[in-house]
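Structure provided below as structure tokens; questions to follow.
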Amino acid sequence: MGREASFGGEVSLEVEIEKSFPGFTLQVAFRAGNAPVGILGASGAGKSMTLRAIAGFEPHLRGRIVLDGRVLFDSAAGIHVPSRARKVGLVFQHYALFPHLTVLQNISFGLRRLEPAERARRVAEQMAALHLSGLENQYPGMLSGGQQQRVALARCLVPKPAALLLDEPFSALDTHLRSQLELQVHETLNAYSGVTLLVSHNLEEIYRLCGEIIVLDNGRVVASGPRDEIFRRPPNVVTARLTGCKNFSRARIINPNLVEALDWNCSLRCKEQMQSAIGHVGIRAHHICVTSMPPGVHDASRNEFPCWLVAATEGPFRVTAYLRMHSSTADSSDYHLQVEMPLERWTELQSHSLPWSVRLDPECLIVLPD
Amino acid sequence: MHIPMRIPSHRLAALLPGVLCLATFSASHLQARVPQEPVQITVSAAASLNDALIEIDREFQRARPDVRVDLNSGASGTLEIQIEKGAPVDVFVSAGLQQMDALAAKGLLLAETRVDLLRNELVLIISRGSKNVANFSDLDHPDVRIVAIGDPRTVPAGMYAQQVLTALGIYATVRKKAVLATDVRQVLADVETGSADAGLVYATDAATSSQVRVVAAAPAGTHEAIVYPAAALRDAPHPDAARAYVQFLRSASARMIFSRYGFLPAT
Amino acid sequence: MNMDLSPLWISLKTALSATAVTFVLGVLAAGWRSGRSSRLWELFDGLVLLPLVLPPTVVGFVLLSLFGRTGPLGQILWRAGTILVFSWSATVIAATVVAFPLMYLTARGAFEQIDPGLFDAARTLGATEWEILVGVAIPLAWPGILAGVALAFARAMGEFGATLMFAGNIPGRTETMPVAIYFAIAAGDTRQALLWSGIVLVISLGVLAAMDGWTRYQRRYLARGTRGVVRGGSVARG
């Protein structure tokens, strides 16, 4: 089995699964408690497949899934609890609301066997919590994207599942709606007391909603742990890339605090110690400082170097500048660093001639052992 | 609040006719083999005898009010297959000897009840308007392009047609320009519409159409006697009533009705 | 004119019964089949296609071979005191066998058009496969299923070859309208043949029109983005 992720706190969900078919192998093992766990990964990394496996929709699976002490799946023992008995709620990427039923009927769907009065009460309660009151008799086709998402959530939560799985819950929404709904979902997750898994390729959503993160790459767990640790000290290049780091260079150790950045043609002082002889060093685009210091005054011990502008893309509020260190070039694809800065900074820099000065703060450098 | 799982009432209403029919179906079925008075016999008879037999059955009903007759009309070949497969038939009246002989060979007849009931003649017909065919040997002529006959393998009239044409030595030629029909009605239709220049049918069949003209009857000795045999079946559900029916078919009143439709007695 | 109208009633009874049976069996089979694949199901599909591909007379012959007194099922029924051949039920069986492929294939097509995610969602919400069939699949496939019902009815009404072989031509019991038409033509009574043909046409058109109307009524509730609440306070499912 690959790397197993384990978080502190009481364990409610244990997953250890494997599935392979030509071209892809999924091998995931982790445990989760009751705090929301984010599953981060690129498209095709196996995130949705993992959720579907927990819900019971993946055939030809091997391994074991235990939720709240109940064995949902154990291929060795021949146990395969059908989806309807797993008490796992899944919010689908495109919501999968029943188009022929009203909002009320959709949300009540999971409580068919409950007696009517209690069912009505629970449904009304959940609808109020998600601000859906008044929409009872509408059909899903009449609702906005945000409303549909909340109906899908409500429908999932009403039967009080033991686990709540969210598959890219915001991907189908317009950007400007997302922050509103994020807040709503955050509140909802706080109120919900079971295991929560949230799958996304959007790192900011994951960071904001989840306390712990698992990173999947090509079907395997490549990193796991509290979100701050994953983001500040990613354990490998893949994780660093998935958490948004844009600048990488192959690196060779000179001494534990000094590395030679091979792709950047310089030596860098790092606060974090490099453990292996060869690896990578990285730095986030917004951690790089660019100033207009006069030439000749570059302090190598502070990782300062002259730089030339190769290309830039201007956004409404931020600018991404592509810089090359040590010498200039005419080729617009030959850059070392991708830097993000506020528009004001950029405007100010424009008034100074090249070369500018770039500083890679030793505290911000990420040392990667692979 | 409406629960999504129940089938809505207007859909149930749609199922109602189906449910009623199923109920009728099962009810009518439970009575299948219980012997009741009156006794009901099934008579499988060649389609060409249908009209005559309907009248005869009415007479039979008067003579034997305790027996009800269900008349199953069809092509003799089909009727034979049904009997072989164990259909509940009491009496079989065939339009040809072939089918009856097949059943006899399989031992499915009450042999002593078998009788040659009627006979028929094979005639040559042409459509009312045409003129160039006067007798059987004219069929050989290149001007006659299409001749309609029943399929000799399955239609009794077709078999006899083959015999006649073979006896006259023209079968091979005529066969090349023959259109084979699955039943006599098709032959009549082909000639009526002019699709075929001529056709070979029974005299009784020709009589049913006003748009064809009989130009000749098959010469004596060119074919086996066209005989309509009747018999009661070994596995008849009601053998006594079956025997009585066959007997009645040979009676004077039955004969009179048959002759009105152009069927001559066999003997 | 004093015409025996029994073929009309027999045909109606037969066609309605056969359609009802075909509807239940066809929808159940299609519902069970959709989304699954195995050698056994492929074999089933092949068998189902046979009545569609073979001449009806052959179908009738097969039924006769099975249910005749000498046949395997016939013997069992004979001992139980029933004879199916030449009974009215035989007309229903013959019509059902030839109509079933149409219903089954149409219903299957309708089911397979539905987003399978909806079924998965229903499963996570605790629905059994039966509840999914009745509560999600059938309502969403309804227009397609109705089309299948219309096809099945039309086929059952027009069924001739298998009926003739298996149920026989017994006036008052198994003589359906198509059989009556055929024998009217055979006897040279074209007038009666045309009359019966006209009646068959009127009935079939009437039923198709009714189905069409119902489908349009249904579709309003499945269309996305329709405005307006359905009916007062209570929700009319449908």
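Should a chain be cited, it is by its letter among A, B and C, assigned in written order, with residues numbered from 1 in that chain.
The rule we apply is simple: a residue touches a chain if its C-beta (ideal position, glycine included) is under 8 Å from a C-beta of that chain, and two chains touch if they have at least 3 such contacts.
A quick note: this is a predicted structure, and the numbers were derived from the prediction, not measured.
Geometrically, the chain at the heart of the complex, using CA-atom means, is C.
When C-beta pairs in contact are tallied for every pair of chains, the largest tally goes to B-C.
Separating the centre of subunit A from that of subunit C, both taken as means of CA atoms, is a distance of 53 Å.
The distance from the centre of subunit A to the centre of subunit B, each centre being the mean of the chain's C-alpha atoms, comes to 82 Å. Separating the CA-averaged centres of subunit B and subunit C is a span of 31 Å. Across the assembly, subunit B contributes 1-2, 4-5 as residues in contact with two or more other chains. The multi-chain contact residues of subunit C, meaning those touching 2 or more other chains, are 131, 235, 237. Among the residues of subunit A, those in touch with two or more other chains are 98, 101, 104-105, 109, 112.
Within the complex formed with subunit B, the subunit C residues making contact are 13, 16-17, 19-21, 23-24, 61, 64-65, 68-71, 74, 81-83, 85-89, 92, 131, 134-135, 164-165, 168-173, 183, 185-188, 234-238.
The touching residues of subunit A, counted against subunit C in their complex, run 52, 55-57, 82-86, 88-90, 92, 94, 96-102, 104-105, 109-110, 112-113, 137, 139-142, 155-156, 159, 161. Of all residues in subunit C, those touching subunit A in their complex are 115, 117-118, 120-128, 131, 136, 139-140, 221-227, 229-230, 235, 237.
On the subunit B side of its complex with subunit C, the touching residues are 1-2, 4-5, 7-8, 10-11, 15, 17-19, 21-22, 24-25, 28-29, 32-34, 42, 44, 47, 50-51, 70-74, 78, 81-82, 84-89, 183-185, 188, 208-209, 235.
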